[in-house]
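Shared between the two complexes below is chain A, which pairs with chain B and chain C, respectively.
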Partner chain A sequence: MRRMKWGNVYLIFVFIILYTPIFYLLFYSFNSGGTMHHFKGFTLEWYREVFHDTRLLLIVLNTLIVALFSSLISTVFGVIGALAIYYVKSWRVKQALLTLNNVLIVSPDVIIGASFLILFTLAGIQLGFVSVLLSHIAFSVPIVVLMVLPKLQEMSPTWVDAARDLGANEWHILTRVVLPFITPGIFAGFFMALTYSLDDFAVTFFVTGNGFSTLSVEIYSRARQGISLSINALSTLLFLLTVVLVAGYYWISRKGSRLYGMWKK
Partner chain B sequence: MKSSVRNVYLFPYILWIALCVVAPIALIVYDSFFDIEGHWTLENYEKFFTPIYLKMALSSFWYAFLITIFSLIIAYPTAYLLTKTKHKQLWLLMIILPTWVNLLLKVYAFLGIFGMFGLANAILETVGIGTKQILFTDFSFVFVSVYIFIPFMVLPIFNALEEMNPSLVDAARDLGASGWTTFRRVVFPLTLDGVKAGCQAVFIPALSLFMITRLIAGNRVITLGTAIEEHFLVTQDWGMGATIAVFLIMIMALVVIVTGNRR
Partner chain C sequence: MRKLVQSFIAVLVVAFLLLYVSNRLNEAEGDAGDHTLVVYNWGDYIDPKLITMFEKQTGLKVIYQTFDSNEAMMAKIAQGGTTFDVAVPSEYAISKMKEEGLLLPLDHAKLPNLKYIDPRFLNLSFDPDNRYSVPYFWGTVGIVYNRDMLGGKKITSWNDLWDKTLRNQILLVDGAREVMGMALNSLHYSLNDTNKAHLEEAKRKLDALTPNVKAIVGDEIKMLIANEEAAVGVVWSGDAAEMIAENDKLDYVVPKEGSNLWFDNMVIPKTAKNIEGAHQFINFMLDPKHAAQNAEYVGYATPNAKAMKYLPKEMIEDKRFYPDFNKIGHLEVYKNLGKRMLAYYNELFLQFKMHRK
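Showing the complex of A and B:
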């Protein structure tokens, strides 16, 4: 019993450490003093600044567009990749494909960024929106593959055989049997790719040119110049958005499982 | 007929592998043989084996090691205690939530916390130690890195603990093992795969962090990642940058092999 108490103290301590920086940012976003120490007075000035900063808003928009497009395209490629690995018969080839698939997941961002910089320069692709989008697609594909593949392996092969016996062609088997079954994996992969893309800094930093910027890159360059409370205001807005998204996701997945449970009954 | 349909999937995927995995790595290796003027040379490799670069590689290794160890020390009890809580999935979500806050923002927050008049110094002042220069030191670099990586260490260990059959612990206790012996002989070995996965998820990125070294450590700490960024984006010496990248890839492969679980 006493042991458990100490355990709780430890856990609370870890949670305090994890959340202090985040709440520190939020708290000082209301500081009229202009620094991240000595709270002078409450103000919404920094929020006004964020909403009047058209350049920053444009960058937020860029970040969202890149994230949405790259995760959509990489989801398509990832599903194709998972199907490819699933259908390969030779164990050796399957392992080789999986290993190559995982290279981009374990590689440090710096390596991915530097190698893509070389690749794009060689291919004559101008650095900017296109290069950022392509690199985000490239590093999201293996993530989607890893989210979809387990779902495929869960699927009983007899379903496919049954469908074929009943006269379904390959296209029907794919769209009516396989895809509906792996839909949860596809969604998980899509959201994972979205998160990775929104959060990426290092890869983007390498392949972005002078004209194009995403939020992470912008925060980096602003933070290098020192503290500016409009970053705090921006982070508060982003944090609220994250919490809403997480809560929504949690709610949907619980509701989804309940609906699924009802359907199963 | 069937196999041709399957090749339809294989073709675009192999194309992706060739363009996005094989070609970039091949290009890194290729570029490492050129000097800054574009002449074919082995000079970069010679340069890497001079004391300056070897020392940098070694210190990068050392910092990554420290970061991994500290993350493990903090994350293992956390993961263990989490499995004992009532709403463990919810608490786990709370551990993961900070990773959804942009990494740069969290690093930026520490500029304020560790600053001369920030929270950390305010605490030190009240405890009686007095104001210290925390920002731009090795300590701040390791602390912030560990902070960033804790969730990535907790998650695999938590999963490993959850997969473990609890009756094995009961059996050990019934056979007279003390709490510590049970942990050392039963729990830890059974969760070793999770620990390995966590170490892999921390060690490799820790070798290549460059934004934290730039923002928090004030360029005092130079990791392999910082050096690569410097060579590619600042001095434009792509050959040397690529050479360091080649070594980083080799270290990475080594880590994956060592921590990889063969089944």
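Showing the complex of A and C:
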């Protein structure tokens, strides 16, 4: 009983630390004073400003578009990559591939960004939407691989054998046995890639150009003049959107688990 | 599998929907296509209404991009891969960019509004005859201080900072040239001094200041001083204007021994595609009415002599941000000291930063 109590206190403490900055920011988005340190009065002025700033809205849209496309494409590549690593026979090669995959995850964003900048300019690719999308795909693929691979290793090989015994061909094995089993891993990879892409600053900073920009880069360059509270308002809106998305995801997965019994994993 | 495919199609639909909305928004903003002009400027350093006005007037679509430091901007331009038609670097960056061949010469015939610029701001050492650049905003380096926290004491000179009563009260910006310049000025030397004996002397003088220095900080200096964490700060005039807007107990002074005068200037980088449009844009910004509107929005001082007419009186009469003509004599522009001398400045500044109280 006593231990439980302390555990709860600890948990509450952790959540306070995690959520205080967000609520602090959220609170001041309603400040008519215009600064982050004296709350003068309630206003919706900053929200109005966000919706009137078409450039800012465009940047938000760009950020979302890049995030969705890049995580989708990298999920496809990542799943194929994970399957390839899983089916490699030689243990040595498998380890080598995994290590190479992990190196990309650990290596600093600044280095990835700088090398992409050099690569794109050498290849004559105009910096902009395409370059940002390509680099986001590139840093997301290893993450998806890492999320999908454990699921594959969890899968019992006897399932595949059984399916083959029952006369399934390779395509059937893939689509009816393997993919359904690793679906939770695929979704996890997709959402991981999505969040990575949404909040990436360092890589994007190097490869944006020609009028294309994402939110993190934009906020950073606005910081020189002191961040306007409209950024707070925008962050609040994005935070609420994520809460809604997470709730939706949770609801779908609950419903799904009742219907198919496959989301419980 | 079906679930997977369904989800992916749903995500794709959402993504394309967003893409459609963004394209529509883009079109609503103006005509996309060949008639674009890319402006590369500091964050929040132009009145957005002026961009709209310019677009209406010329039919060009402006893509406004921002950077946060001269170095980042230069790296992007040197690397190529992007089009920038107009950029706004500071003066020392201009001499560097000139050396590296990153700038295109200006066609003065296409900039008739150049005549409105105050002659004090033309033909300066970093760009003789304004072959590559025209001034955009200017300002000084000075001291911002909190009257209440100093008990009504006034600060007028750099040497006031060495006062014993200011112990642990001063914040400095983290810039080698700013801080070394301050020490050189306090000794009545030029802030472009290259005499090593003078520089050593300035460094020793800085060491004597250490007990008074609370911290050497970056951009957060604005917030710290506005929140009264320290009574005195050595800052750029634009930052000071912002702090004063937030806290009316603050005052700004350009020390009487002299100080640094800085400029941000419009240039056309070598990456420019729409050179005609770039000239149009620069000329547009040089128009007195537009310059005034911009100065009012951004809060820095305009170099446009005629624009003064359109600015509110209390703004241009504020001697702190629009110092007198005769006072300007004390102010010096940074010269490009060359790599080795700059390294020496940095070395001395680093030694000062490491000096113990």
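The rule we apply is simple: the second predicted complex is superposed on the first by the 225 of 265 C-alpha atoms of A that agree within 3 Å, B and C clash if a C-alpha of one lies under 4 Å from a C-alpha of the other, contacts with A are read in each partner's own complex, and residues count from 1 in each chain.
Please note the rule applied: a residue touches a chain if its C-beta (ideal position, glycine included) is under 8 Å from a C-beta of that chain, and two chains touch if they have at least 3 such contacts.
Because the structure is a prediction, the values reported are computed rather than measured.
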**Q.** Room on chain A for both chain B and chain C (clash or fit)
**A.** clash
Q.
So in the superposed three-chain picture, is A:Y220 touching just chain B, just chain C, both, or none of them (first/second/both/neither)?
A. both
Q.
In this superposition, which partner touches a larger number of chain A residues, chain B or chain C?
A. B
(Q) Contact-wise, after the overlay, does A:V106 reach chain B, chain C, both or neither (first, second, both, neither)? (A) first
Q: Figure out whether A:L72 sits in contact with chain B (first) or chain C (second), or with both, or with neither.
A: second
Q. Given the touch rule stated above, what does A:R55 touch, chain B (first), chain C (second), both, or neither?
A. second
(Q) Let me test your reading of the model: by the given contact rule, A:F191 touches which partner, first (chain B), second (chain C), both or neither? (A) neither
Q: Please indicate which partner A:F201 is in contact with in the superposed arrangement: first for chain B, second for chain C, both, or neither.
A: first
Q: Mind working out whether A:Q126 is in touch with chain B, chain C, both or neither, as first, second, both or neither?
A: second
**Q.** Which superposed partner A:L117 touches (first chain B, second chain C, both, neither)
**A.** both
Q) Can you tell which stretch of chain C collides with chain B among 91-99, 199-207, 217-225 or 343-351? A) 217-225
**Q.** Set intersection of chain A contacts, chain C complex versus chain B complex
**A.** 35, 37, 117-118, 220, 223-224, 226
Q.
Per the contact definition, I'd like the list of chain B residues that touch chain A in the complex.
A. 2, 5-6, 9-10, 12-14, 16-17, 19-25, 27-28, 31, 74, 77-78, 81-82, 84-85, 91, 93-95, 97-98, 100-113, 115, 117-119, 122, 147, 150-151, 200, 204-205, 207-208, 210-211, 214-215, 224-225, 228-229, 232-233, 238, 241-242, 245, 248-249, 252, 256
**Q.** Complex contacts: residues of chain A adjacent to chain C
**A.** 35, 37, 53-55, 57-58, 61-62, 64-65, 68-69, 72, 75, 117-118, 120-121, 125-128, 175-176, 179-180, 183, 186-187, 190, 209-211, 213, 218, 220-226, 228, 256, 260
Q | Residue ranges of chain A in contact with chain B within the complex | A | 4, 7-8, 10-11, 14-15, 17-22, 24-25, 28, 35-38, 77, 80-81, 83-85, 87-88, 97, 100-101, 103-104, 106-119, 122, 138, 141, 170, 195, 198-199, 201-202, 205-206, 215-216, 219-220, 223-224, 226-227, 231, 235, 238-239, 242-243, 246, 250
Q. How about chain C: which of its residues touch chain A in the complex?
A. 1, 3-4, 7-8, 11-12, 14-15, 18-19, 21-22, 25-26, 28-29, 36, 38, 42-45, 48, 63-68, 76, 79-83, 219, 222-223, 226-227, 242, 246
